[in-house]
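Two complexes, one shared chain (subunit A), two partners (subunit B, subunit C).
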Partner chain A sequence: MTAQAGLAAPVRHGRPGRTLRRVRSWIIGIVSIVLSLFVFVVPFVFIFLTASKTAPEASNLSFTWPQHWALWDNLVAVLTTRDGLIVRAFVNSAVLTIVSVAIMVVVSAMVGYLLQRKRSRLNPIVNFFVLAGLIVPPAVVPTIWVLQSLELFKTMAGLILIEATFGLSFCILLFRAFVATIPRELDEAAVIDGAGPVRLFFTVVLPLLRPVMITVVVVQAVAVFNDFTNPLYFLPGDENATVQLTLYNFQSQTLSQWNLLFMDILLITIPPLVMYIFFNRQIVAGMTSGAVKG
Partner chain B sequence: MAWKNARRAWLAAAALGAAASVLLAGCSGGGGSSDGKTQITWLVQNDETTVAMANAMIAAFEKANTDVTVKLETQPAGTEGDNLMKTKLSTGEMSDVFYYNSGSLLQALHPDSTLVNLSGEKWVKSLTSDFRSVVSTDKGLYGAPLGSSQAGGVVYNRKVYDQLGLSVPTTWDDFMANSEKIKQAGGVAPIVQTYGDTWTSQLFVLADFGNVYKADPDWAKQYTANKRKYADEPALEGFEHQEQAFKAGLFNSDFASATYDDGVKMIATGTGAQYPILTQAIAAIQQNYPDNVDDVGFFALPADKAGDTTATIWQPNALYIPKTTKDAKLTAAKKLVAFVNSPDGCEVQTSKLAVSGPFVTTACTLPSSVPPLVQDIQKYFDDKATAPALEFLSPIKGPNLENITVQVGSGISTAKQGAQLYDEDVKKQAQQLGIKGW
Partner chain C sequence: MSTTSVSLPAVGRRSPHRGRMKSFYPSWFYLPAAALYLVFFAVPTFASFYFSLTRWSLFDVSFIGFDNFVQFFQEPMLVQGFVNTFIYGFITSALKVVLGLALAVLLTSQLVGRGYLRSVVFFPVLVSAIGVGITFKVLLDPSDGLVNHVLSFFGIAGPGWLTDPKLALLTVAGVDVWKGVGIATLIYIAGLAAIPQEYYEAARVDGAGAWKTFRTITLPLSRPATATVIILSLIGGLRSFDLIWAMTKGGPGFTSDVIASVIYKQYQAGFYGLSTAGNVVLFLVVTAIMVPISLFLNRKEVER
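Showing the complex of A and B:
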């Protein structure tokens, strides 16, 4: 309080007060930039530097300038490991992420809309299962039995369905909450204008769900892209590797190639980073709208 | 306008579905043997050295057996790997041949019901009896060795020892006296500890088991039957030594946060003198400090009495064939296992793997030029002063040992408290395994 009063006093004198305020905002700005540099850029620089070192140097794990730049050698080594396994893994991860997130968005938007708008005796049952999906942990071996009996085990289709299923409950809750904020009058107006249920959903409701859709896409794409355990258990086999699984190529208890490991991490970090650069406005908007309306 | 949008949405949805199904179809196509060759799959852990060795092994094997092709599969090692192995075995999805730990981790796979008994194979005769015991149950023998054995004990820097005129200690008191001298000379950390990687903290206890075994050969059996405890001598010794070393201030100053790689660096470059660790560390030294390979040596973790000092030996991992491998594939799988244990297979092993100790089959011999560290281990074998590590004699290994030894080694708990904590930890594990007497 006293500090504020002290700062407020000089403002009345005009010039000196304004400079003081400007200095203060500058200081705050600089401090926050430095802080964010530390939190976000320093780890990234560390990854980059370690990825540029030779194996002996990288094993120190120190924040130093590389003595010999081996960035290109490491890149080639990582890309050619196991006959280009990593390129294959990128394709797999991309397919997995895009398709499973697409399924999640479309299906959960429909379910969320219906759960919110239509009152029926089925609602409590559906709600129960949605909550159960959030609470009950998935068991590995029985899930594999189900997949085996459907002949979906060891296939990308099987893993996509698993990822979509595991993410569905969370998405449905988000959509259901968001649909509540859309005025029912809009639906009624569309119905009076002669729209059928399908057209009502796709042309009137879905565009209005855009903010929460972006939230869901961002959250789930990150979750699926970064998932390690599900691909490990449900999609064994080298040709099925996803990017997170490739990290283990360079790491073991008694011998690790830190330079190659960090190069791999660098490569894996790039796609989400590029996505963020292109879509950051929508992502931030989607996050905040999701946060307020949720 | 609205109508157009709706149709576009439908088209988009349909296109998405079509794209997905095309992709899925592309991914689900399976392989098979079309040209009369038998194709088998071989699963190994996916660290670079193992994969390089496996690829070389496959190339040599396929050259000798033109009717078989081997497809390599990989998976992570460690806890995730253990769970994945069990998952694959219980769902019938295991590869035709797989590479895995011997000893207690093998027993956890229930080999009698999941693996093919290999006791009738020709190569079995050339195995050492120690190795045979760690891949067998009462009903059969299941594994063939791949790789060399390794020892757990003290890896030391020979240059530091030479400069100070120290000799290899055979009793704990000698060891402490040596360490004090190194401390007084200054500049070099007498004992390296690296609790940043908690598993490295266990060596004071685990590598002391050879000494326990020498003092009481029946210890492991009685321990499994709940009749021996870590809180009593001789096993308490390991915890006590760790406590004494900490209290004497002999550890490197950053022992609490240093990592395994830091430890390897210290011992290779001579900024640390003695590092209780597994001799597999030679692989990291060869990769990161190739000029210093000849500077490191090995001695067994000393016991209180010189007569008890025994090197603790870890047996190599082994190849196994699951029961789901049948007919032509089984024949081919057995061929691969036999090849690994033939002179040709040994050649691949010695050229591609870091040899960290003697081999456990007479089919393989150590190459003529091995690092001094391996020669040091060989001496213990020649003197018959070796014993298997506890994990090969008893299925019980408490999951929290590494946390407890960090406590003891950081002065948080006393040796006695630590040993009692570990006995409690072990109890849970034994009950889970359903062992009699717990």
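Showing the complex of A and C:
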């Protein structure tokens, strides 16, 4: 189709195929939408429907409309299980996410800023460690050994510091790339106006990093909130767990109550969903930041 | 800071303030990050090389040389985990490249419902691996699961996706791709957007068909995106733990074990030395694969 159009006359290229192309785009679009419903939407609808059923009905594991809507009852049941274990888990996860991301952002913004601004012999070394931090898998038991000797093992503080450390490399790369877009003249102007290095960074540079900061915060908040492995190793147990750990433990305890299990999944999916709705663009920017420059 | 005078001639031309500016980028800005990195990442990583050579329990450490590694490559279940790590990493990475590129080409074309499709493909990325794992464990249940119900509707007897020893690892890899293909697609969309539109127009004028345009323009020019997708998905795939653990716990038997799940199992069993040896093996595997691959992908880019 396009070949013929090109042969006829370069000026009119594409013209004859326009209606045809529009029909084709409709057909492909509709086929893709139908396929996407099966592949990507059905699992989420399944979670919602199962979370709305009564326990006997949910145990069929079937993809059917609930005969009795028990969404609210299930919600209350999940929230009150074992004296509000899941509510506590949500509080724990919120504290973990907020504090570790805050530490990560400030600390790595300082590194990214310095790495971009200052030419020193340290830079290649720092760059090497940043890349190593991205690639090397953390050594589990030795990390526990370090945490134990600092008396941080099985404490929230320990897990916060761990999550902050493991996220550093990714954040530093994003900050370094973004600092390059802030003109150096701004730094100089601030210095001439009498700002010291700390004020220069915290009152001039940091506010200008806002766009990339939103990206980093959102991406890392979702990552920390969804993390299962690190809480499993460094903050084990049932009482003081994070939401992912609670969900995992819940799975082995409530074998006959699929409705409650899926209600728990539904609850845990809501915070990332809200993040996605509000910060769609920033998430996309963060995830693709490496794509164009490689 | 003492090197100011040495490096000035090259850098100093832009501004007379540069010499004074240097001290306004104080090196101690590195310190907080360096402290965290050193204590919680570098020290454990270096310590792992020593501890992997020991028999290590909570109470005592005794040096046993390379026994842990010998054991790691002799016990069938540990070897299986080693092999599976490669299979899992390469399958997920390859599928993410292929499907990600295909979806990106689809989602950058004129299409009805493009915005909806983009969000729906990306959303699984944001759901926790445990939630996805539990959900698919139910959907893939051999007798009651939705997938096999649908298959039997078409007259196909669905296999035991997670109970068949031959299939379990591949099934988990498939779910991993379902969950992660959104990132690959997104990266490719950004990569495709960077290709100048004129190239496509020129190709159309020259009479190139859709397939030829894809092969000679889209594919070579999306190379930086391909590099990113391969590197990211391999790093993730080789270390992958949570999805496998949520879906099969390495079973049936140990047919879907990977190194990361072996590390956890040995840790649970109290074999800290062996577990740490697993970590060192994983470290070596990841660096042995990632360093040449990223060097290769980046070098090609520079040449062009």
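As a convention for this text, the second predicted complex is superposed on the first by the 214 of 294 C-alpha atoms of A that agree within 3 Å, B and C clash if a C-alpha of one lies under 4 Å from a C-alpha of the other, contacts with A are read in each partner's own complex, and residues count from 1 in each chain.
Definition applied: a contact is a pair of C-beta atoms (placed from the backbone, for glycine too) under 8 Å apart; a residue touches a chain by one contact, two chains touch by 3 or more.
All values derive from a computational prediction rather than experimental measurement.
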Touched partner set for A:107, first subunit B, second subunit C, both or neither: second
Partner chain(s) touched by A:145 [first = subunit B, second = subunit C, both, neither]: both
First (subunit B), second (subunit C), both or neither touched by A:19: neither
Touched partner set for A:123, first subunit B, second subunit C, both or neither: neither
Between subunit B and subunit C, more extensive residue contact with subunit A: C
Partner chain in contact with A:261 - subunit B first, subunit C second, else both or neither: second
Touched partner set for A:99, first subunit B, second subunit C, both or neither: first
First (subunit B), second (subunit C), both or neither touched by A:135: second
Touching partner for A:164 - first (subunit B), second (subunit C), both, neither: second
Touching partner for A:172 - first (subunit B), second (subunit C), both, neither: second
Set of subunit A residues, in rising order, touched by both subunit B and subunit C: 60-61, 103, 106, 140-141, 145, 229, 232-233, 248, 251, 258
Subunit C residues within the subunit A interface of the complex: 3, 7, 11, 14-15, 17, 20-27, 29-30, 32-33, 36-37, 39-45, 47-48, 51, 56, 106, 109-114, 116-117, 119-132, 134-136, 138-139, 141, 144-146, 149, 178, 183, 186-191, 194, 201, 204-210, 224-225, 227-228, 232, 235, 238-239, 241-242, 245-246, 260, 263-264, 267, 272, 275-276, 279-280, 282-283, 286-287, 290, 297-298, 301
Sites on subunit B touched by subunit A in the complex: 2-3, 5-6, 9-10, 13, 16, 20, 23-24, 27-28, 45-51, 72-78, 80, 83-84, 87-88, 90-93, 199, 259-262, 264-265, 278, 280-281, 283-284, 287-289, 354
Residue ranges of subunit A touching subunit B (in the complex, touch as defined): 55-56, 59-61, 81-82, 92, 95, 99, 102-103, 106, 140-141, 144-145, 148, 153-157, 160, 195, 198-199, 202-203, 206, 229, 232-233, 236-238, 240, 245, 248-258, 260
Residue ranges of subunit A in contact with subunit C within the complex: 2-3, 5-7, 10, 13-14, 21-22, 25-26, 28-30, 32-33, 36, 39-44, 46-47, 50, 60-63, 103, 106-108, 110-111, 113-114, 117-122, 126, 129, 133-143, 145-147, 150, 161-162, 164-166, 168, 172, 184-185, 187-188, 191-192, 196-197, 200-201, 222, 225-226, 228-229, 232-233, 244, 247-248, 251, 258, 261-262, 265, 268-269, 272-273, 275-276, 280, 283-284, 287-288, 290-294
